[in-house]
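Starting off with a structure, shown below.
The chains carry the letters A, B, C, D, E, F, G, H, I and J, assigned in the order they are written, with residues numbered from 1 in each.
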Amino acid sequence: MPSTPTKTLETFPNPKVGRDFHIHMEVPEFTCLCPKTGQPDFATLILDYIPDKTCVELKSLKLYMWSFREEGHFHEDVTNRILDDLVKVTKPRFMRLTAKFYVRGGIFTNVVAEHRKKGWAPAPRVDLTQFEHQSNTRG
Amino acid sequence: MPSTPTKTLETFPNPKVGRDFHIHMEVPEFTCLCPKTGQPDFATLILDYIPDKTCVELKSLKLYMWSFREEGHFHEDVTNRILDDLVKVTKPRFMRLTAKFYVRGGIFTNVVAEHRKKGWAPAPRVDLTQFEHQSNTRG
Amino acid sequence: MPSTPTKTLETFPNPKVGRDFHIHMEVPEFTCLCPKTGQPDFATLILDYIPDKTCVELKSLKLYMWSFREEGHFHEDVTNRILDDLVKVTKPRFMRLTAKFYVRGGIFTNVVAEHRKKGWAPAPRVDLTQFEHQSNTRG
Amino acid sequence: MPSTPTKTLETFPNPKVGRDFHIHMEVPEFTCLCPKTGQPDFATLILDYIPDKTCVELKSLKLYMWSFREEGHFHEDVTNRILDDLVKVTKPRFMRLTAKFYVRGGIFTNVVAEHRKKGWAPAPRVDLTQFEHQSNTRG
Amino acid sequence: MPSTPTKTLETFPNPKVGRDFHIHMEVPEFTCLCPKTGQPDFATLILDYIPDKTCVELKSLKLYMWSFREEGHFHEDVTNRILDDLVKVTKPRFMRLTAKFYVRGGIFTNVVAEHRKKGWAPAPRVDLTQFEHQSNTRG
Amino acid sequence: MPSTPTKTLETFPNPKVGRDFHIHMEVPEFTCLCPKTGQPDFATLILDYIPDKTCVELKSLKLYMWSFREEGHFHEDVTNRILDDLVKVTKPRFMRLTAKFYVRGGIFTNVVAEHRKKGWAPAPRVDLTQFEHQSNTRG
Amino acid sequence: MPSTPTKTLETFPNPKVGRDFHIHMEVPEFTCLCPKTGQPDFATLILDYIPDKTCVELKSLKLYMWSFREEGHFHEDVTNRILDDLVKVTKPRFMRLTAKFYVRGGIFTNVVAEHRKKGWAPAPRVDLTQFEHQSNTRG
Amino acid sequence: MPSTPTKTLETFPNPKVGRDFHIHMEVPEFTCLCPKTGQPDFATLILDYIPDKTCVELKSLKLYMWSFREEGHFHEDVTNRILDDLVKVTKPRFMRLTAKFYVRGGIFTNVVAEHRKKGWAPAPRVDLTQFEHQSNTRG
Amino acid sequence: MPSTPTKTLETFPNPKVGRDFHIHMEVPEFTCLCPKTGQPDFATLILDYIPDKTCVELKSLKLYMWSFREEGHFHEDVTNRILDDLVKVTKPRFMRLTAKFYVRGGIFTNVVAEHRKKGWAPAPRVDLTQFEHQSNTRG
Amino acid sequence: MPSTPTKTLETFPNPKVGRDFHIHMEVPEFTCLCPKTGQPDFATLILDYIPDKTCVELKSLKLYMWSFREEGHFHEDVTNRILDDLVKVTKPRFMRLTAKFYVRGGIFTNVVAEHRKKGWAPAPRVDLTQFEHQSNTRG
């Protein structure tokens, strides 16, 4: 796989198709251009999904994110478009994309978009006490 | 668009009308006057909404917030009024406005108001494990 | 309104009777006496309510809290009593009082009490992704 | 009440029997012995309950915790036993005991056990926006 | 029990079979190898389960984790496999395994997988106000 | 003292002239206008000083801050000017003003300016272990 | 020692007179009255000192703090007075009192005052890397 | 000033030449390319300086940062080069540039470089107790 | 080495006698008895030292801490005594012991005591920018 | 450069030899074996240095860390040895290595070791107000 920006997302087969499990990926290195001013925009993207038959390959996800570097996109639009691209190649049971954009005009904007496979519903959540994780070391 | 305070909120067409998606905007620069004493009040406003046909334009939202600078308003009233104004121009599927006011008389006051479009109901939440976001850098 | 401690809570008319909205007030300055030892007790009180026809007036809430300064009260009892007083004057759709007492005997005690208006039920929660608020400035 | 360790838990009458309210107590000073090695174990215990006719008295709770100091107990077992003891004397509508043990073998273990009174069910939660509490002072 | 890596997980009898209770274990010391590059991978594993007849023994859990040190595994695969191994020996009512992997290619990946015993359902959650735990000391 | 904005800062006599002691005041409610665009700017101001013969009166400090509401000022300039005004009326042994401005153009700016009385020098710092303060309550 | 408020501070002999060591005490339960309005004021006091021949007794420190409950005091004045009282009975090598007052008029005020014994100077600080303490438990 | 990337840094006259004061600017939007692989790199830059005759203009600083978007640079080199550029146009009394790069190969790298004007030395620091800033609102 | 409480501290030879290096150990599991009331006291101990010829052995340090479990000790006294014991067996170039005791009477007490070898002085600190450590994983 | 573990550390020429600048690298992925028990140990390593003629190459640093995976080392020893290896290849003006080991026997151990080039001394620190960095996004 060449290390150049690409809109092609690679996938690999879900190693546990028989189970609804949750993959969470945090991509801090997203940048595109503002379509009105041409100036750079920045965001952290967070991808949560329950795979069906395929999973997103990590390195191709990185190269895909790179492919937006020279393109102009509005916040609300690009979040939905990236979700659409990811859904198209992975056809997941569930996928949620969260985009946290850097401040513009003194206002912080985040966008959250979801896709659900037709006919799929999650098992009801087993709602346990939650414990906050800490660092593995002290200081 | 002139850079002067205005009660006119600009909108743009929702880029993904077919999907219920969530826009979160944090506006830290709200100030008005106390109608009893005339002294300045301050708040951070947080807007969460699911657009229908239109979205709020970022810069006009900033100028709209500016328009309260010389006006007298009570906390509970102004939160509901701003929600009403935003609902009128965007007619969203769902909108929640959270106002966090600076301390007065040693007491901290926050107000949360919501609007729901008639007949609209959210898809049931897919309740995944949540992971706390950190800074992209160390130190 | 005189600035002396008082059990009289002032109210003002709800500015948006047609909407269930949420008022959150944090009162860090509560102190009373331990009825067994006479020694001072301290707590932070947090009031969350959905008003019906009237709202609690901020300054009178402060003077009301002051009125406990010379009185002896047990933790579990005083939390319920303050809720009762607040419910009596505001007759809210919903009210929750949270009292966080300072440590006694090495043990931390918090008490949470609620009142619901007969026949009132909340609209089902629209459960959006939540984003943690930060300071408006850096450093 | 003598200040010596005791398995006897004192109670007092619930001051507001007509209301389901929540008492949260945090007990940081629990220690017992490992039944296999005899070495000290430590934990923070957190008690959440909705009282029925009686409440746990604070000082006797402290002396009760002290009574485990010379005893050998496994983590999963002692958490359930303390819950059983507390349920026996208070017969609460609901009680949850959370034990957070200090690290052993590089692994952190927490145990959560609950009791519900037969026939009791909680009122459906009124799910409000939650605000994080801060210190009452700056710095 | 010898202190060598092993795939054999030891168990002990559930001390309170009659109650659904929750055991939370945090295992910060997981490492295996990347099957593509042979380079080390690292993760923190978090195990949440409701035991049925048996519980996982702490020390054998540690030795089991050690057994992955020389093996090649993909993130999504190894999380499901460890869950499968733990389910096989403990046959729990419910089990959730959360794996938080160290960053690779600038992207952070977490995987969450669950198992539920056939016919088992949790009691509906009693949803109390939650209070954040702090250190037992100051400073 | 009337509750209107004023450039007049009130003072009161230092109650302990014989000791170098430190007063720290945090003023979150500063706003002025950008002299180039006329748009509102916001900042939190932090005042640290060692008084000589007089101290700044709290309420007049608030009214003084209010007096900038309709004025145009650059960040670097206004911080130095406020320090000058405070120095003129209090003639302190030492004064440091820290201004933390809200983000502009995606860049966060803070300005720190100090004044020292001629001939004054601080006693050498007694450098003790520092302990971080926590909230007085739990949760 | 009776449990009533008192201005008398008890002491006990320094157990290690031959060493400069540091005692840090955090007293969250301070309240007095505003001398202008008669309304309650609140603060957290932090005492750092290097004892000479005597140390402050913990319980009497608590009763001493209680003695301010009915008295009117200004922030800057009361901090210096408490330091003076503590210095008079303990004659320490070094003492620093930090008072963090609750917000008034939207402004947070802290006061820090120090006393040094004539002729005493601290050993030069051995300035090691500092590590931040965490809770002893997870979650 | 046109909104295009530029290596030209604009300045304005220091409004308070007679005082050593400190300007802190945080620039979260830096990206360049890795000279070895051509892939994007990201960093947050933090600029601390004491101006002499001129200050850096905010908007030109942003456009200057933009100018690195298409250029290949190593971490250690680009930090020193940006400091050199800033020093050349502002000739400050003191300047420190801190670059916090996003993780590469699982390792986090920060670089800190400083410039001091010949013959300039800072006034000795007045080392006061430091208080941590919090958000202006609650929750 | 038997796993029973002991006052005997084991040591091992310093592996790098030619260098002043810093060992930091955090011991969260300290408990003794109050000599006045007989009730348990708890603390977290933090040991910072620069070894000379010998270092403290980890497991014996744990068993030494255990040896205080049945003994009565005052806070200020026990901290100095433990430091004395550690100094006696390791004769370090520098040692600092920090004891953070659990709250008593609503007051938090920490004690810090140091020992320096005669004639030893630290190299002057190289005072670099400090960066805060984060967890190795996200969420 | 092959991707296999190696004790050979690669370097590259310091791009700014004329300036004392500070490189900070955080390496979370260190593991070796306990020489007594053979069990895995884990640590996060933090490297701070001021280069002279050469800098450590990032990827070789990672492979060097990997080389300890199968080796037995004590905490205090391995920290000094890694520092020695790094000093040998880079001959820095100053280097500090901080190792934060995972908990063993309930005790957390960190080790800090430094090297200074003969005759080198740092410029005196310009001690500015420090501001805490936050994430680039909200929530």
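Criterion: a contact is a pair of C-beta atoms (placed from the backbone, for glycine too) under 8 Å apart; a residue touches a chain by one contact, two chains touch by 3 or more.
Heads up on the chains, UniProt names are A, B, C, D, E, F, G, H, I, J = NADPH-dependent 7-cyano-7-deazaguanine reductase.
In this text the structure is predicted, and so the values were computed from the model without any measurement.
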Just to be sure I understand the contacts, which chains border both chain F and chain A?
B, C, D, E, G, H, I, J
Chain C-chain F contact: same residues or different, taking over half shared as same?
same
For chain C and chain H, let me know how many angstrom lie between their CA-based centres, rounded off.
46
Gap in Å, rounded to a whole number, between the CA centres of chain I and chain D:
31
What whole-Å value do you get for the distance between chain D and chain H if each is reduced to the mean of its CA atoms?
52
Of all the residues in chain E, which ones touch at least 2 other chains?
22, 24, 26, 28-29, 42, 44, 96, 100, 102-104, 106, 108, 110, 112, 127-129, 131-139
Chain-level touch network, classified as line, ring, star, complete or other
complete
Name, in rising order, each residue of chain I that touches chain G in their complex.
22, 24, 26, 28-29, 44, 46, 48, 74, 76-77, 79-80, 94, 96, 100, 104-116, 121-122, 125, 127, 132-133
Sort out for me which residues of chain G touch chain J in the complex.
128-129, 131
Quick one: which bits of chain B touch chain D in the complex? Just the residue numbers, please.
96, 98, 100, 110, 112
The answer for chain J against chain E in the complex is residues 3-4, 28-29, 31, 37-40, 42, 66, 69, 102
Within their complex, chain J touches chain D through residues 102-104, 106
